[in-house]
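In the part that follows, the structures are each spelled out as C-alpha cells.
Two complexes follow with chain A in common, the first pairing it with chain B and the second with chain C.
Presenting the complex of A and B:
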C-alpha cells in the first residue's frame, strides 16, 4: 500500500503540472510484457561464433606455461586469444576519470590473482565446442600464498596481491593508503562522553543477480567499424573502455544497448565487450561472449565485503558527540570501482546525523578474491547497516526510544556535515515521524513537534577546530610534503562568519517548548565562503601516478586530482 | 520452543548521483515534421523506467502530451554522451539534461508559432494538449503539428534542442576529507516487524511500515514499483544473500538461484509506504530518485527487530538461521529486552 503525504512540504512544491507526477504507463511496457523487447542477447547473426574463457582454478598462482595445442585442434575452434593478443592488456575502469592506475589484464599472462580469472579465450562455432576446447587448454600453475581477509592483508608480511599496489591498499592522493575524514576532535570528545560504545560489523559479498547475465555480441560492420550489442549500464563508459583496451578510435565502435535485463551495478565493468570485439576483429565474424549463471555468480564482480568498526561517544540526553569509524572494503584482486566506493562511504559518514566530532579511515584493500564492483548503493548500504544497528544499541544503552534518539540527532537544514558542506532540503525528522505514525509507534509530543526546517544551523553550522594526523601506513614512494605533524590542529577552513546562533534543538528526553518561530534555516547557512578545495599544489605530478594508457579521459578525477 | 515477535526501525539518507560531480549527461530533442518529438539519449533503461521518466519530463517541458514524445535510447551513433545508469543518478542528471534540451526546442517551437500567429513569442503558451495559443486569448491558437509543418517547410527552422547537465567536479581534501560529494539527499525511515523461530533460527518478516522522502515523485506508479521491489531486495540482503556464506572463507559459494537464496513469494511481507516529497532545488521538477536507497533501511531495521524479538545482536550479514541459532545458544535462549519502546509488539510477545 502506498500513500502520498502531500500535506508535508506542500509550500515547497507547485503540484500544478500536466505530465510530471502522473502515473503514466511505461513507453516500453507492451514490448516487455509480450516478450518482444529486444535485449542484447536476442541478436542471432549469421556465422556468429561463441567465446568462452579458460579460468584460473587457483586463488593465486604463477603461470608457468600455457599449452593450447590440443585446444587448437578441437572441433569448431576458430581462434584462441591470449593476453598477448590484447593490444592494451592492462586497464582500470576509472582511468577514464584519471582515478587510479591500470592494474587489471583482460587475459592473465604471468600470474593469476583470483579464482576464476580469465587466462585464455576460446572462440568456436558453438558454445559447446568452445567449452570442450576450454577443457583441453593446459595451464601449468605454481600456486602462491593467498590472502582473503582484509585485516590480514594489511599485516606486514601478508602476500602482496596486486603488483601495482604492493601493500594491498589503494593509494589516495598519491600519499595515503586510505581515505581520511577529520572533523573536530573525537578523542577529546570520547573523554567527555557519558558512554562510549565500540562495535564491529561485517557485510557479506553479494551478487547483483540480474536475470540477464553479463555479455556482449560484437560483429564487423561495414566501413571498418564494429557493432556491439551490449547490456552495459554505461554505454559510453563501456565504449571508451573497449576503445582503450583495443587501441581503437572510439568512432570505430558502434554500441547499441540501453534496454537491460537488470543491472544493479553488475554491468559497469565492461569485461565482455573488449574480448567480443577483439574476437570479431581477429575472426571477421560476429562473436558472442555471454557469461553463464555460474560465471555470473562466481566470476563476475560482486558487491565486495565490508568491515566496519564504529566507536561512538554519547551523552545521557541522547546527543552523540563523537563518532569514529574504520572501514575496510574488500576490493578483491583488482581495483574496478572499490576505490570509489570507499570515497563514497567517507562522503556519507557519519550518516544522516549531526555529530560535532567525526573521524574516519576507509581502506580499499586488495585480497585474492573476485574483484568487487558497484552494487546498489555500495559504499553506503553497508555503512547504513552498521550505523543503524549501532544507533539501536546506543539508544538501548542510554535508555532512550530509538525513534526519538534518531530525531535528537537528525541533521537539519543549515547544519554542517562532516565533509564540510551545509545541509539543505533535509527530511529525516519527518520520515521518522511519519513511519512512527504508520507503525503506531508512540512518540512523545516533543518528538512530534520537531522539524527538519528548524533547529539547524547556528552552532551546528560551525566547522570545529579539527585535529589532524598523518596516521596510516604509507604506500611505497610516499612523500611527506604537505602533511602536518601529528597532533597539530588545522584552522577551521571555511571560516564561518559569526551567526546569531539558533539554539540546538532541545533534547527530546527532557521535553521543552520548541522555539516558536526561528528564522528560516536557509538564512543561517553561512555563505559558501572559502573555495572548495584549497591549494597546496604538489610541486610536480609524479610520472607513475599517470594512468599508463588512458588516452581518453572524461574528466580529471575524483580523489587524486591535482589542485 | 517458540516463535518470538519483535520490531525494529532504521532511518537513513542517501546521496543522489555519483559523488563529487564531473559526470555529465546529455540529451537531444527534436520534432519530426508533424510535431511528434524524439528524445535521443545514450542513457540506460535497466528496468527502472529511464525512458518513461524522461518522456514525461520532456512532455512537461515542451508543453505537449506525453503521447507525442518518444524516447530513443541507447545507440552510441545517435544518442549523445551519458555517464550511465548507476549511483541513483539517472533521474537527476538525465532528467535535467532533458529539461535543458526540451527548453531549447520549445523556444524554437514558440518562435515558429509566433511567426504563424503574427504575435510576440513571449505572449504564447502551451495547453499541454497539443495546442499553442495567445495567453488570455485561447481562440488565437495553432496546433503543435501545424507549427512543426510550418517550421519545417515554410520557415526553415529546426525545432530541436540540446541539453547537458554537469555538476562540476569537486576535489577531496586529503587531510580532512572536505568535499562536495553530492547536491541532494533522499531520506527514509522504516519499521520492520519480524518473527523469530528459536527452534529453527528462521526469521520471517511479517510487516513493514515506511516513510520515504524522494523529492517530487515524477511518476507515482514507478516510485511504488521501486519502493516495493527495493524493500524486497533489502529483506533479501538482510536475511538471505551471500556469495561467500563463510566469508572470508572462499568455499561454499552458490552457483545458481537454487543455492543463491532470495525471499520467494511466500516470504514477501506486506509493506505500507508513505511517500514524502520535498523537492530538490536542482532536481528535475524537484525529483531526486528512489533508486538504490529504498533497500537500505530494511537491513538494519530487520537486525534491530531480531534483537527486539529474542535479544541477540547479529552484526554480520546475512542473518542466516545458523547465525540466529548460534546467537541464541550462546545467550542461553531467547531473552527479549525489557524495554518500553515501539509500542506493543504485534499480536503479543511470543507464541508457543
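Presenting the complex of A and C:
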C-alpha cells in the first residue's frame, strides 16, 4: 500500500479530495481475475485470415528481386502484400505532431536497414499456412556494409543508414544534428574545481517484453468502415497512423482497444494495425496480424542503447560546480520515438541536482539496429543510471558519504535548474533521508536537518551568464523566446523565502550574475498545464487568473510546425 | 490436412473436437472450445500464460499436443467462480492488487489453485516455487505471492 508522508509534504494534497489519495478498486479487476477480460486476440471472427511477414535476414542490404510465385501457389494463401500495395508506404510516428520526416516503409521495397525488417506480408487461412508460404518467398539481397555503434555511425565515411537522414543523425528544428544545452560556463568552472572526473557509461537496449505480444485484428464493418481490435497503447494515435498509411479518412476506422496485456512503451509503434486493415480491405475478410514471441523479442522495438560521457567538476566540500554531458541515443534504423527521448533527456539534465554550470549535447543516431522506441521513462532513466553511478564515484573521490553527497547537491524549491525553470515540489532531500532511514544508513545530524523547502532560491534562482560555442555570451536571465520567466507559475507550496539561513553555502556560480530581468511582456504566454493550486470545490472557486491549459507550443518542443 | 478426434472434459463439460496434426491444446481450448481464459504469451513453454490444470496438475497448454488431453479432465481460470460466487483466490487477487494488465492472471490463478488444492497452508517458499513457471511483467510478483498466502491463511476469505 502507498505511504503518504504528510509529515514531509503537508501541502501536497488537499484532504477534501474524494478519490485522489484513497485506494479504490480498479474497474477491470473482476474481468482480470475471472479470465473474462476481452483482450484483442480473444476476438474470433468468422472467416478470419492470418497475416505473417517475410523479414530481412540482413542488417543492411539492397533488395535485388522478390519472387512470390511459389508462395502464391502455397495452400491456403489468400493474398500477398508488397510495398507497392501500401497506399502511403513511408511514415514516421510523430508526423502526427509534425515532428520528424517520414522515413520508414511499412514493407521494404528497395533496401532493408535492420535485421527483421518486413518485406512481404502473406495472408492465409491459418497461421501455419501463412508461415509455410513465408518460407517460399524468394528475396535476392545484395548485402551492404552496416554500422552498429553510435560513435562509429558519426564518423566520416560511415555507411549512411537512412536515406532521409543521410548523416545518421536526426534533424532538430530543421537544421541541427543534435540537441544542445548550455547553462553557465562549464569550462571556466572546471578550472576552478578541486577535482574533475570524466567517465563513460553504456546502456544496452531493453525489450519491454509484455506477456501479450503486439497485434491487431481488423475486419470489414458496415458502411465501408473497418473495425480494429488492438492492444495499441495509444488507441487514437494508432488510428490516425493507420488512416495516414492507408490514405483513409479516419472516420472509416473503428478502433476498439484500451485493454493492453502489458505495454511499457512497446505498443505505441502501430506496425500491426495498418497491415491488418490493408489485408481486410484487399480480401474483404477479417485479418489477424499478431507477433509471436520470437518476433516480439527480436523485431518489435526496444528502448534503444545509450552511451553517456559525463565530466563533472566538484569541490572538496561536496558541491558539484560543473557537469558536461555528451549523450548518444541509438535510434536504430528508423525514427520511432528516440528523437523525442533525446529531448526529454536534455530537459532532465543535470538530474535532480542544482549545478550552476551545465552543458550537454544529445544525439539521436541512426544505426542498422532494430528501431528503438518508447520504454518506461526512455531518455531519462538510462541517463539517471549514468548520473547516479557518477554521483557514487564523485562521493568516493572526495571522501564523502554518498547519501550526504546527494543531499548537498539536491535541488530545492525555488532553485532554477539548467532548463531555466523554477523547481517546485522538489523532494530529493526527503527521499534520501527516508531511504537512509529504511536502510539504517547513518546520516549526520546536519544532513538529517535539511529540507527541500529551505535553502533554495536566492542566488540559486539566478540564470547565469551563459557561454556559447561561438564564444558569445547569453546574458544572465536569458530564456528562450516564448517561455515564462521563472516564478510566474502559481506555486503549489508556500513560496520559499530566499535563504540566507541555509546551512549549505550557495554554490559558486562562476560568472558574477546580475538579477534576472523579466522578459518583455509580449513574450508571456499562459502557463503550461502543470503545477496549479489544487482546484477548490466549485462553490468556492475563484476566477482563474490563468487559463487551465496552455496553448500548444510546438516551437519549443518539436521544432517548426509544418501544417 | 488430416484431423484427429479428441475428447476431453473441460470445466465439467464433455467436449469432442477435431484437432489438426500438431495443434496445441492451447489453440484447441481457445479456438475450438472458445474458452479464452488461457492466453498465448510465448508458445514455447516459458511464460505460463497458457497454464491449465489437467487432472488437477498444472500444465503449459501451448506445448502440449491436443491429442495428449484425450480422455483427461481440464480446468481453466474461467471455471474458478461458481454460481456468481468468486473463488477465494480471485477475491484475494482483487484485494491485493495482484493483477495489473491481467494477462498473466488466468495462468497465475491456475498455478495457485494447483498448489492450494494440494497444500492448503503453504509457506512463502512453496508459493514462490508454485508460481515459478509463470512470468508477470507488471506486478513484481509480491502482490501475487501475498494474495495466494492470504487466500490460504484467511478462513473467511476461503469460505467466501
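Here is the rule we use: the second predicted complex is superposed on the first by the 459 of 563 C-alpha atoms of A that agree within 3 Å, B and C clash if a C-alpha of one lies under 4 Å from a C-alpha of the other, contacts with A are read in each partner's own complex, and residues count from 1 in each chain.
Following the convention adopted for this analysis, contacts are C-beta pairs under 8 Å (C-beta built on N, C-alpha and C of every residue); 3 or more make two chains touch, one makes a residue touch a chain.
The structure displayed is predicted, hence computed values, not measured ones.
Peer 1: Once the shared chain is lined up, is A:213 touching chain B (first), chain C (second), both, or neither of them?
Peer 2: A:213 sits against chain C, while chain B stays out of touch.
Peer 1: Check whether A:262 is in contact with chain B, with chain C, with both or with neither, and answer first, second, both or neither.
Peer 2: In the superposition, A:262 touches chain B and chain C alike.
Peer 1: Applying the touch criterion given at the start, work out whether A:352 contacts chain B, chain C, both or neither, answering first, second, both or neither.
Peer 2: In the superposition, A:352 contacts chain B only.
Peer 1: Touching A:41, do we find chain B (first), chain C (second), both, or neither?
Peer 2: Second partner only, chain C.
Peer 1: Just chain B (first), just chain C (second), both, or neither: which does A:28 touch?
Peer 2: Once the two structures are laid over each other on A, A:28 reaches both partners.
Peer 1: If you stack the two complexes on chain A, which partner ends up touching A:293: first (chain B), second (chain C), both, or neither?
Peer 2: both
Peer 1: With the two complexes superposed on chain A, say which partner A:441 touches: chain B (first), chain C (second), both, or neither.
Peer 2: After superposition on chain A, A:441 lies in contact with chain B alone.
Peer 1: Looking at A:323 after the superposition, I want to know if it touches chain B, chain C, both of them or none. Which is it: first, second, both, neither?
Peer 2: neither
Peer 1: May I ask you to name which of chain B and chain C touches more residues of chain A?
Peer 2: So, of the two partners, B touches more residues of chain A.
Peer 1: Residues on chain A in contact with chain B in one complex and with chain C in the other?
Peer 2: 25-26, 28, 209-210, 260-263, 293
Peer 1: Please give the residue numbers of chain A that touch chain C in the complex, ascending.
Peer 2: 25-26, 28-39, 41-42, 44, 128, 208-213, 260-264, 292-293
Peer 1: Can you name the residues of chain C that touch chain A in the complex?
Peer 2: Residue positions touching the partner: 20, 22, 30-31, 34, 36-44, 46-47, 49, 76-78, 80-81, 86, 90, 93-94, 97, 99-106, 109, 135-138.
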